[in-house]
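Following are the structures in question.
Shared between the two complexes below is chain A, which has chain B as its partner in the first and chain C in the second.
Presenting the complex of A and B:
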């Protein structure tokens, strides 16, 4: 896909970057967009296209903080795509970074991880002292 | 087909095949009946097979639908659970912000914002019950000297000690906050001026005895207070202004004292 995603993010939307060549997708920040369908359909389309057209591994790097309900649903959809790909023998993985001062986020990431059989790491981000 | 049916059919077939029976008057009719029966039997078997096939595919569909439904339910539950937890998180964040925006960051006492809010409630309550309430402004005398001599960090620590002492000396319904630099506002619900006077005198005594941890045998502070009773239908801001103005003029007359409104 020629069109990589590079969304700058705002108060209510996460920053999103994709790198087709490297097989990487990253998302950071809060997500409570006015129209979550518009935002996440781009991401879901990108993931679907990558998994369909490439056979290389796909890595997701997340650092999401607050998610509203429709964003939670969209993330579950993305993890489902990864799970299906993994079941079909593809190499996929997720690393979810969180601020160690807010370990509630780690608990939430754990909730997402449940039912996922692909590698899914939840790591505290290193905070400058 | 049962064994008895099978045996009967075999018997008929054998009888029909025998040369001796060929000219029997029933031979032709029985032979046709026999073949008709075989045809009907085949049709019945085909029919049963088709019906079974339909049933099996319906069952597979049902199974698949149930599986999908289970999956959707699980997903829905997971979604609700996660969304609820995010909502809790947001709620906690709001509470923390609300708390932070209504507290003085140094002493942890209520700031002006919170004092004003609390005062409005106290007034409403006092008017509803027809009970008096009093206000006291407590000001630490010559606090600037502490800052000048021991530095601002030590001054800050002293303010924390003073604030804690003030807060712990109050009754359950009383309320205090940091009004300004070294000025504390104390709200005494259900308290008239006479009761307030003895309360605040005790408070100032307590502050005077306090070790501020500035140096061994370090300085003690004195406090000046001004107390006033809220006048019926008076705006709480005016009550505070009276207390504040009187405190200023009282300080000019000398410190370490308690003053009352006329």
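Presenting the complex of A and C:
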């Protein structure tokens, strides 16, 4: 059992929660820190550890809104880990919720999805009228 | 101080927001916040507002990264930033900073190299750059950000390099959303 992440988030960094027991990692909000690698290396370490030590499914629940290019690069590293695990027969999946008024984030999610063969859902959130 | 001529100049160039001075991480966040609020109040299309914000972040963070990498002091680690709206209603984001001449030339070449690419080619270049190992990713560090800005622009990016008496040069980049 590895230490779970529970990062509160800030103006430029997303909220991040991991749940080792449930096999779940969630991220919400904007991500544009100057040094994305510092932020995401702990997330990448958690995903790597989970995939190595457990054989249970891993689910990513994302509600990221805006990502700068260095955050995009870090997210690609995470999706690459999931893809490798999926190729090796593991059950992994991503659900990315977005505000339908902001189609830019759906386009970004679609571009990530192009390089993934595991289940990757991109779903508009219902907007209160 | 002649504020009126400053104001006339801004109005003439349709500048909505501008900044000149040392740029910190928190200032980037604060100005970004003001920019988003302004775009919302203008009822900008959410996708256009997002593109303007994204280009602003890439430009200012590139400037910060470069100044840090060069070990510039506060005096040289400054940015000049302007967000305007052109006659056709397009948002225009410009940012400039002091650079070593050779770095500036490389940047201008990189921008000119992107100008001839269509949307499909820019996407391919973006994905290629994304997969390059971190330490090889362009000596200026600006590789991925430049392609991203080019993809969000409705016209090719414009780069300009102007030599200064100090021996350094002023590099400026303009993106029209």
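Just so it is clear, the second predicted complex is superposed on the first by the 128 of 129 C-alpha atoms of A that agree within 3 Å, B and C clash if a C-alpha of one lies under 4 Å from a C-alpha of the other, contacts with A are read in each partner's own complex, and residues count from 1 in each chain.
The rule we apply is simple: a residue touches a chain if its C-beta (ideal position, glycine included) is under 8 Å from a C-beta of that chain, and two chains touch if they have at least 3 such contacts.
Every value quoted in this text rests on a predicted model; they were computed, and no experiment measured them.
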> After the chain A overlay, clash or fit between chain B and chain C?
Replying inline: clash
>> In the overlaid three-chain picture, which partner chain does A:76 touch, first (chain B) or second (chain C), both, or neither?
In response: both
> Is A:101 contacted by the first partner chain B, the second partner chain C, both or neither?
Replying inline: second
>> With both complexes overlaid on chain A, does A:66 touch chain B (first), chain C (second), both or neither?
In response: both
> Is A:88 in contact with chain B, with chain C, with both, or with neither (first, second, both, neither)?
Replying inline: neither
> After lining up the shared chain so the two structures overlap, which partner does A:127 touch, if you call chain B first and chain C second: first, second, both or neither?
Replying inline: neither
>> Looking only at contacts as defined up top, I'd like to know whether chain B or chain C touches more of chain A.
In response: C
>> In the overlaid three-chain picture, which partner chain does A:112 touch, first (chain B) or second (chain C), both, or neither?
In response: first
> Which partner does A:37 reach: the first (chain B), the second (chain C), both, or neither?
Replying inline: second
> chain C has the stretches 26-34, 44-52, 98-106 or 134-142; which one runs into chain B?
Replying inline: 44-52
> Residues on chain A in contact with chain B in one complex and with chain C in the other?
Replying inline: 66, 68-69, 72-73, 76, 104-105, 111, 115
>> Under the stated contact criterion, what part of chain A meets chain C in this complex?
In response: 11-12, 32, 34, 37, 66, 68-70, 72-73, 76, 101-105, 111, 115
> chain A touches which residues of chain C in the complex?
Replying inline: 25, 29, 33, 46-47, 50-51, 53-54, 57-58, 61, 64-65, 123, 127, 130-131, 134, 144-145, 148
> Okay, in this complex, where on chain A does chain B touch?
Replying inline: 66-69, 72-73, 76, 104-105, 107-108, 111-112, 114-115
>> Taking the touch rule as given, give the residues of chain B at its contact with chain A in the complex, in rising order.
In response: 74-75, 78-79, 81-83, 85-86, 89-90, 92
